[in-house]
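Each chain gets a letter, A, B, C and D, in the order it is written, and its residues are counted from 1.
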């Protein structure tokens, strides 16, 4: 549990984005103050500067892949840690002002990515209607509310916020896209282990054959599974590689702690990005008996007795 | 060398995009026919359908990360292979119609990503000028040429194509972003090994602790370095993981061939995405003597003699 | 199958030793000519010189451990290969001339090792009878036949050969000791794979941390189990280590052949000591599907198609 | 340092054996009481029973290989630990009573192993003189002193003890054989780390492909080199394997301690056989910076801060 519950949240705005929806699913409505900010770097900077207690930003997307600005924003600068992850199904609606019928629509507007992800479906609903760009899906919804365009492709939360009604729901061409958001804060008391946690890291290694193998081995010998790995270029540093990865388990657990300490010893750098409850609806693999905390504790006692000449 | 040089190239359009610039750097001007297409999937589909001989699409970007539509487009569907990679520095210009001065600019337009990557610089040059979205940087340039807006943030090639002139060059807030494009074609004769090649793969493994370690081990035991790795979700298949990776070397070389054959045996699936000359300006690590083709040949002869009872 | 069945066998003598018994169990009585020799080096030298076609020598013993003269004799000098292994339970009898009763025995004689392994049992049968040394158990049996002593601790075959009768059988203090003998010959056509074979090797590696791990990895990545390993000093060569090992499988099988070829590439030296039917009464672990010959063949075809641009 | 210096030493007798010579080189003459015992098991039993404080027994020999009775005697039964290792060059002399000349010698006597290791040299010195067996080289020397035979092949210490004089020194056919002896005692305060120590272990693992690799990995990931490894059969337990091994370093050091604790967790059983100064005249490999105690300490502090939310 966080020592002091965050009360000031920054999120990737504007209002009505999926990030706001993700924040609402993570923090009960009415709790804390929420502030949209213009970009991921701005959200992280607000937390680092103490202007916000936590920021809700996108981390990766099942369609778009990882979000480099978040990855890089967490890997560089003052330390920040993930305290929560939130998975949100990206459901687009085609929304219009109340009273507008499909046949009335002469223009449709949205962020180009959203238009791309819904192109076929929208074209089926609105043949020959031009699709126009906006700087975000929320901006598009607001522009429709303002009467500039007839319909917007946007998040349900944006339609609701701007008083629009859906002409069609789930208009994504490939439904089921999921975005993983993370809630990050300055280092502080870690979330309590729940038995179903993940830990995120960035590991920097010298550029030699087998370097990544050596990193992975530190997890495997301790019975820890990875759930994500990605090599990342490092700006301004030749001959080193960086890996962004998530593993199962919590740093408070012995196997994860020992693995991190080992990586701290053997790699160029390890940045801890947090241990937090797993929220993708899946359950960590069972921890093998020999990798459980009890086994580490017992082995530590055995070693102590052995060093004391009692075995 | 390709058996028949491709003569019909598809590229991620519209005209004037960075993809067109990348294609120009890969294929001398005047060679082949070039066709812009609306999306990465459309470009790949054109090659698969035989409507194009090769497609030039973005693969990863040092700012935006990997391009999921390309990753997924190559991993699924009929086989395609990379025959060439092209690295292009993403240089934005602020462009206007001839005769327009900075002081005359009342509106600036571009793709939202380009606006985001140049926001600070453009705001310094054009304080209080509204930045408006377009569906691509090339579309923005054309709209300026058509007189709809005063200035565009776009690629130099787009400015040139639409008769614009630069008001400012290199307007990216963080200059030096590089995009890696790939030229893909249907399987056919592979590019000749050059001694400085890369090989791209997708490997699908069962979801168990240590599975990735086992994959990497097949490279490391044969002295092969990886240059990129990324775990990828697999649509519709639970309990398996997919890794997209690049390694040094060419499949025609013994160590790479044996590693791929081993992965073919031990993994759920391996998809070969091509062996092609390395083009990022870096040189592969020296191949250790024991991993060179000569060592494999000699070891093969030794084994044959031994099986024949001659050793 | 051996090209020409060996007809002249050397074995570690004198007549009546366990080695002769092992040879009899490996080669039907009446087949070939059998020649006892004074030592393991002499037996191996006879084969190398062409004076014998094969030699039967002890390799390791469940009580005494490996037999260094055999290990070293195979590791150095002209190549020899194991074509057969034989396991023999070392059963000692207390033997005397016909007509001798236990109460008549005033002296007992044997090789000191045999006396040590039977000390308690013999002392129970013959309290206060002095145990005297001989240079082999067979020599002891002959000396009893010659009337020099009253009883010998020897192999059943020695008692039989010298016309003695057992006063007591199975007089080992810890029954069940097993000696593994090997039949070695000059390189030639290998024994046919039987599906339950072992392969013996000596691998020499540079003396660096992890060198042995790298050797074992070549087996593990190809699904091969080891059944014995032993580090061995190397005379006259500093900074290198030697490992003597047995693995499951036959060099004619793809996974074993590829592993040996890999070791040939990456180690200082590999000496092949033969592939031969497993004879310890145990069955090799099932070969995982991905390590079977069929999988290697299929993967090789896949690789060939891929290199030809057909995938 | 031992809590109480051992004062009662058992050694593999009889008086005049190489074991007594090894004990003399390990413990200054005049220190403690020394008791020859009949066998390795008897020596170990004396320590276990508290009848002796330490036992000096042979561990391995460069000609004969490891000594199974010592290996097994340490692996089974109540715990014992090695507190010292001693390397002794096995130098044989041909010894006779004072006044005997080579030409006077009509019989030569020794343990059969010693006769075998000196056969060629002795035959050159004493052509046609029969070589007769004794139950130990020391017994042979005593028999010569008693006038039963003319000359003995024995250790210099035995010649000296029984008042014999050498007719020839260094009569081994292959000079330079070295025996490694160990001084074992009941568990107690460990020898202090010296910076050049070895640690001995027995590790029991389930019988599955890759099990040994997993054991070795625990050493390699922590930068620890092995100096000896040997697979050992386990009496009465099917489907498990045992490995006897020595590694560089002292259990009081972090990397060795963590490796042992890990093996304790993941293997069927680990038996610690002691950490003691390396005495083979070689120096441990330099400990890599990341495996030194300081690196473990620093990593532990880093982990503690990270768990406390201070990083």
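Quick note on the criterion: a contact is a pair of C-beta atoms (placed from the backbone, for glycine too) under 8 Å apart; a residue touches a chain by one contact, two chains touch by 3 or more.
A quick note: this is a predicted structure, and the numbers were derived from the prediction, not measured.
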Contact-graph separation of chain B and chain D, given in steps at minimum: 2
Separation of chain C from chain B in steps, with touching chains one step apart: 1
Relative to chain B, chain with the most remote C-alpha centre: D
Where chain A and chain D are represented by their mean Cα positions, the distance between them in whole Å: 59
Chain C-chain D separation of Cα centroids, rounded to whole Å: 25
For chain D, residues that touch 2 or more chains besides their own: 217
Chain A to chain D touching residues, read off their complex: 79, 187-190, 214, 217-218, 221-222, 251-252, 257-258, 260-262, 264-266, 272, 290-291, 295-296, 298-300, 302-303, 306-311
Interfacial residue positions of chain A with respect to chain B in the complex: 39, 61-69, 71, 111-112, 115-116, 131, 133-136, 208-210, 212-213, 216-217, 220, 223-231, 233, 243, 285
